[in-house]
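Lettered A, B, C and D in written order, each chain numbered from 1.
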Amino acid sequence: MTLSWTTLLPVLIILSSLIPGLLIFATPEAAARRRIILNMTGVTVKLLLVALMLAGVSRGFEFRFAIAFLPGAELVLRGDALALQFIALSSVLWLMTTIYAIGYLENSPLRSRFFGYFSLCVSATVGVALAGNMITFLLFYELLTLATFPLVVHRGTPEALRAGRVYLAYTLGGGTVLLMGIALLHSIAGTPDFVPGGYLTSLADEHALSLRIAFGLMIVGLGVKAALVPLHGWLPQAMVAPAPVSALLHAVAVVKAGAFGIIRVVYDVYGIEATTLLSLTRPLAWLAAVTIIFASVRALQQQDIKRRLAYSTVSQVSYITLGVSLVGPIAAVGAIVHLVHQGLMKITLFFCAGNFAETLGIHKIQEMDGLGRRMPWSMAAFTVGALGMIGVPPIAGFISKWYLATGALEVNQDWVLLVLAGSSLLNAAYFLPLLYRGWFRAPPAGGWHENNFAGQRLETHWMLLLPPLVTALLSILVGVFAGSIFSPLGWSQFIVNREFGL
Amino acid sequence: MNAIELYLTLGIAVFLLSLHGLMTLYDPIRRLIAVNLMGAGTFLVMVSLARRSEVPDPVLHALVVTGLVVAISATAFALRLIIAGSKNDKTDSGGGNRKP
Amino acid sequence: MTPELLPDLTLSLLLLIMAWGALYAPQRSDAMTLFIAFGVVVALIWARLDAPDLALAEAAIGAGLTGVLLMHAARALPDELHQDYRTASYWGALGFTVVASLMFLVHLLYDDSLFNAGLLDTESDLTPRLRTLADAAVPESGVEHPVTAVLLNFRAWDTLLELLVLLFALGGLRQLFPSGQSDDSATTASWPESMTLMSAWTRVLAPLLVVTGGYLLWRGSSAPGGAFQAGSLLAAAAVILRLTGLLPPLRWSSLWLRLSVVAGALFFLAVAAATAIWGDGWLTYPGAYSGLLIISIEIFATLSIAITLSLLVIGEQEDLRS
Amino acid sequence: MNFALLSLAIPLFCGLLLLLSGRALRTRTTGFIVIVSTVASLVAAWFALQEAAAAGADIMLNLGGWETGLAIRLRLSSLSALLLVFTALMHLLIGLYAGLSRDGIKRDYWALSCFLHGSLAALWLSADLFNLYITLELLGLTAVAMVALAGPKAYKPAANYLILSLAASLFYLLGVALLYGRYGELDVLLLAPRTQADVITRLALLLMTTGLMLKAALWPLHLWLPPAHASAPTAVSALLSGLVVKGPLFILWVLWSEVAPPTLAQQIGPVLAIAGMIALTAGGLSAMRSPHIKTLVAYSTVAQLGYALMALGLLLTWQLPQMHIALWLFVIAHGLAKASLFLAAGEMQSSLGTKRVDGLRGATQTVPVAMFAFAVAGGSLIGLPPSGGFLAKWVLLEPILSEPGNWPWAMGVLLGTLVSAAYIFRIVAISFDRAQINPLDINPDRVGHWLALLPALMVWGMALSGEWLIRLLAGGPV
C-alpha cells in the first residue's frame, strides 16, 4: 500500500477528533482553556480535512485506506459521496455542539471526562461514515455504543444509570444481532468493499433464504440505533443525558448511525436489484411507516418537552428508512437528504429545549407559556425547527417530504402519501401547541422557576444561543438554496445517480 | 477369574468406593484419605496390568513409583494445609463454629 | 475359582474392608489407623504381584511417613465438627456410585468386554510395545535393573519433573509459615513427651534405616531399589530422629539444607542442559558415561528426596523459615 | 527445538536458584531477576515460534535419543510455540505488575511463578500421556502453593482445590493406565492411529475427560474455581485464571482431537458443546449475581471457558480441525483480558478498601485508570470489535453460519455475548454512579493501575495481528 494523501486522508479525519479526545482525558479538570483549544483545534482541522475530501470526491478522487484484520475482511476506510454526506453533517454539528456544550457545562464537574468521550463519540461516528465494508462498519458501530454510554450516564444519578443500562441493553443486543447478520453474510459472500449497486445480485437466487435472514438480522441490529418500532425503547429514556448529548444522539451520532447503516446495507451491500429480487423492500417500508405513525402518536401523548422531541426523532428518522425502502431514485434523494435535514432541524430543537431548561428551568410543555417574550431568539429558532419538521416551505423538512412524496408516486406506492400526510398532521398537532403557548400565551404570573441570565444583554449565555441560531439559519438556507450542487440536495442527487447508475 | 483379573477388579472397586467417599464426605482429612485410596486403586490397576506377562512390565512399575512420589508429596502438603486451615478457623471464629 | 486364589481373595476382601473403614469409621482417628493398615495390605499385594520396588516404597511411605503425618494431623486437628460427616449431596452421590458400579459389574459378569477388549485377552499379544522396546534397550541404558533404566534413562524427563513435584510441594508448605511470623508454640512444640521413650529404640533403628537406605540406593542399578526407595527410608530415619529430639531442627537459613533440597533437581536439570548444549540432545547421556551419570543423579536425588520428604512431614516454622 | 527447551529451562533454573539463594537477595532484586529471566524466556519462545512456523510441520524430539515409542517425545508445533510465547508474555506482564506496583507480593511469589512458568512450558511441549500427567501435577501443586501465598484466609479454598486437583489427576492417570494396558503406548502420536471405539477406550477417555474437565473448571465441574481464584493474591489470581486452567484444556484438546477415534469424538462433541453453552450462561448468571468483585471475575472465567469448550465440542462434532484456531484464540484473548480484569479488580479493591461490587460506586472518578482497564478488558470478553475476543468469536462463527444446519449453535455465541455484557456493564454502570461515591481508602497506586491496563491494551492490539495469528494457528506459511 503506498501512502499518499488519498490513503491517509480518511485516517486523518478520524484522528482529528480522536487525538484531541485522548489529550482531553489527560487534561486536568481546571485547565478549561487548554480543553477548549484542543476541542476547537480538532474541529477546525476536521472541517478543513472534510472540505478537502469533499473537493476531492467531487473531482473523482478515490480515498481508500486498508489494513489487514480478519482473513477476507480488511479494515477499510473509504471516503465516498455517501460517507461525505454524513461526515459533513457530523463535523458541522460537532462544531455547533461543542460550542454549546462548553457553555452548557461551564463550571460543572468532570468536564475532561465529558469532552473526552464526546470527541471519541464523534470519532466513532465519522468512522461509521467512512467504513468501507461491513466489518469496519460494525467495529465503529460498537465503538460508538461504548463512547456514548459514559455520556448518557454522565450525570451519575440513579435515573441516568437506569437509562444507561437500558441504552446498553438495547444497543449491545442490537450490536450482537448485527454481528450475526454480518458474519452470516460473510460466510456467503465474504466482506468486500461497499459498491454502488451492491455485491449480492449474482447470489440472490442461490442463497435467497440465508440472504433474507442476514438482511433481517442486520436490520434488527441497525434498527435498534435507528429506533425502529419496536426497538425504540431506549431513546426516550436516554433523555436524562445532558442536553448537548441528547442533541448529538438524536441529530448525528446514534440514530443516524443506524439509519446510515440501513442506507449502506440496502444500496451498497444488497443493492437495489437484489433487495427487490428478494422482496425485502416492502416489509421494510411497512416497518418504517408503522414507526412514523406510531411514534407520532406517542409524541402527542408526552408532556415533557424532551420526551416529545425524542418520539418525534423516532418518527422522523424513519423517513430515511421509508425513502430507502421505496427503491426509486427520487425517494432515495429524499431519504439521503433527510439524513442532513432532520439533523439540522432536530439539533436546533434540542438546543432550544436545553436553553429553556438551563435558563428558566422549563421542562414541561405547560410551562412554556409566554416563553417568546422572555427568550425570543431561542423561541424563534425553535419555531423554525418545528415548522421544518411539519414540512412548511422553504425550510429543509419540506424538501425531504416533497421528494419522498414524489418518489412514492414515481414507484406507484400511493399509500405512502397517506402516511406522509398523516404524519405531517400529527407533527403539526404536537408542535403547534408548543408554538402557540410560547408566542401567544401570557407568561406565568408567578414568574419562572429559575431566572438565570436575567437583565443581561442576551437572553441566555451566548454560547448557548449561537448554535441554535446558526443551525436554524442553516435549515432555512439548505431549503432555499436546495438547487445548488453543494447543497445537501444537490449532493444527494449526485449520490443517487451513482447508486442507480443514472 | 485369575489373580490378575481379581486385582484389576479390586483396583477399580477401590477407586469407585473412594470416589464415592470423596463425593459424600465432608471432613477434609477423610476426603484426603479418599483421594489417597483412589490413588491406591489406580496403582492396583497399573500393577495388575504389569503382571499380565510372566516378567512384570518395568515401565508400569516405574510409572507407579513416580506416581507414589507425587502422591506422598501432595498428600503431605495437603494435610499440612488442612491443619493450618483448621487452626486459622479456630482462632478466627472462636472454635466450634459450624460452617456450611 | 481355584484354591490358589484363596490368599488373593482374602487380601482383596481385607483391603476393601479397610478402605471402607478408612472412609467411614465413626471416629476419625480410627479412620486414620485403618488407612495406615490399608497401606500395609497394599504393600503385601505389591509383593504378591511381583513388584518388589513398589513393596519397598509402599512400606517406607505407608507405614512410616504417612503414619507420622496422620499422627501429627490427629493431634493438631480439633475433633470433627460434624457428627454428620456426610455432605448434602449424599444421596445423589450414592446413586451415581451404585449406577457406576452396576455398569462395571455388568461389563464384568456378562459382557466381559472389559477384559476381552485387549486388557487381558489371552488371544492377542499382551506385551505392550513400549515394554518390548524398553526390555531391548536395557543393556544400552547403563544400568541392569529395568525399572531403574526406565526411571533414570528412558523416562528420565518424568523423573526430573517428579523431583520438581517434591520441591513444589515443599514450596507450597513453606507458604504456611510466613516469614516474620514469630515462632508459634502451637505449631511447633506439639510432639508429646512420651515420644522420648522411643529414643532408645531410635538410636538403634535410625542407623539401621540409614544403612538400608544406602544399600538400596547402591543396589538400585541392578536390583529392586533406587533413589526413591532409599530417599524415603532416609526420610523416615530423619523423621524419627527429629521426633525424638536427636536431630536438631533443619534450618532453612543454612545453605547446606537449601542446597541438599534443590541438589537433585538442579543437578538433573544441569545434566539435561549440558547434554542439550554439548551432547546429542536433551537428556541424551553419552553412552560411555551413562552408568556414572545415572548413579550421580541418583545420589543427589536420594539426598533431595530424603530431606524434602522429611521436611514435608515434620517441617515447622523453625525448619522452614528461620 | 533448542529454543523451546531454553524457554522451558530458563524459568526452572531461575526458580531453583532463587530457592537456593534463600534470603540473600532483597525482594526487589528477586523480582528484577525473574523479570529479566522471563524476558529471556520470551525471546527464546519467540525464536522457537519462528522455527516452528518455518518448519511447516511439527518438530519432534526424542528425549534421551531413544527410538520413537520408547522415548518420551517433545513436540514443537506452531501452537505449542505460540503457547510458549503466550505463557512467557503473561508472566512478564503480571511479573511487571507484581514487581512495580505497591501490591506488596511476598518474596516466594517469584520462585513459585518461575515454577509455574516452567510447568506450563513442559506441558505445552509434551506429547506423552504420562508425562502430561506429571506436568498436570506440577501445575496443580504450584497453583495451590500460590493460592496459599494469600495467607491463612486462603488455606481452606486452597486445600479444597488441592484435594480436587489430586482426585482429578487420578482420574486422568487411571485413564492413561487403561490406554496403556489396551494399546501398549503412551505417545500421543503413536496412539492416535491405533485407538478403536471399544469399551476400554471409552472408559479411559471418559475418566480422563472427567479429570481434565475438573482441573480446567469446565462446567459442571467448576465449583471449586471461584473461591480458589478469588481468595488468591491479585497477581496470582491473574495467573491462575489466565493460564493455569488452560493447561488441562490443552490436554483435553490433544486427547480428543488426536488420540480418540473420530467416531467417539463425534459422539462426545455435542455433549461438550452443550456443556460449553450452559457454562456460558450459568457462569455468566452467577457472575451477575456475585456480590464480590473478584468472585464476579472468577465466575466470568467459568463462563468464558464455556466458549473454549463450545469450540472444542464443535470441532469434534464436525471434525473440522481449523476450529482449533477459534479455541486457542479464545484461550489467548481470555488470558490477556482476564489478567487485566483481575489486576484492575485487585487494584480497585485495595484503593477503595472494599471487596464488594457496590463499593465501586463512582470508581470512574476515584480510580479512573483501573476502571478503564476493567472496562477495556471486559470489552474483549464480550467480544466487541476489534478486540482479541471478537477475533475468536468471529472465527468460531464462520463455520457455524456457513451451514444452515449449524445455525442453532449461534445461539450459544449470542447468549455468551449478552451475558458477558450484562456482568461487565453491571460493574461499569455502578462505577458511573455520582450520587453516592465510595471515597478512596488509600492513595491509589498509579503505576499499578497503568500496569493493569497493559494486558487489556494488548488484547485489543491482538486483533490487528489477527490474520497473522490465524495463519499461524492454521499451520500455513506466515
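As a working rule, a contact is a pair of C-beta atoms (placed from the backbone, for glycine too) under 8 Å apart; a residue touches a chain by one contact, two chains touch by 3 or more.
Keep in mind the model is a prediction, meaning the values are calculated, not measured.
The pair with more inter-chain C-beta contacts, choosing from A-D and C-D, is C-D. Taking the mean Cα position of each chain as its centre, C sits at the greatest distance from subunit A.
Legend note: the chain whose CA centroid lies nearest the centroid of all displayed protein CA atoms is D.
Our note on geometry: subunit A versus subunit D, Cα centroid distance of 43 Å, whole angstroms. With centres defined as mean CA coordinates, subunit C is found 72 Å away from subunit A. Centroids of subunit C and subunit D (each the mean of its C-alpha atoms) stand 30 Å apart. One finds 12 Å separating the Cα centroids of subunit B and subunit C. Residues of subunit B in contact with at least two other chains: 19, 34, 49, 52, 60, 63, 66, 70, 73-75, 77, 81-82, 84, 87. In subunit C, 119, 127-128, 130-131, 134, 154-155, 158, 162, 165, 168-169, 172, 176 are the positions where the chain touches two or more neighbouring chains simultaneously. Every residue of subunit D that touches subunit A in the complex is listed here, in rising order: 362, 364-365, 368, 379, 382-386, 391, 393-394, 397-398, 401-402, 404, 410, 413-414, 417-418, 421, 425, 428-430, 432-435, 463-464, 466-468, 470-471. The touching residues of subunit A, when paired with subunit D in their complex, are 67-71, 75, 110, 113, 135, 138-139, 142-143, 146, 149-150, 153-158, 160-161, 164-165, 168, 172-173, 175-177, 179-180, 183-184, 186-187, 209-210.
Residues 2, 5, 9, 12-13, 16-17, 19-20, 22-23, 61-67, 69-72, 74, 106-108, 111-112, 115, 118-119, 122, 130-131, 134-135, 137-138, 141-142, 144-145, 148-149, 151, 155, 178, 180-186, 198-201, 203 of subunit D are the ones that touch subunit C when the two sit in their complex. Within the complex formed with subunit B, the residues of subunit D that make contact are 130, 134, 137, 140-141, 144-145, 148, 152-153, 155-156, 158-160, 162-163, 166-167, 169-170, 173-174, 177-178, 180-181.
Within the complex, the subunit B residues that touch subunit C are 1-10, 12-14, 16-21, 23-27, 29-30, 33-34, 36-37, 40, 43-44, 47-53, 56-66, 68-70, 72-77, 79-84, 86-87, 90, 95-96, 98.
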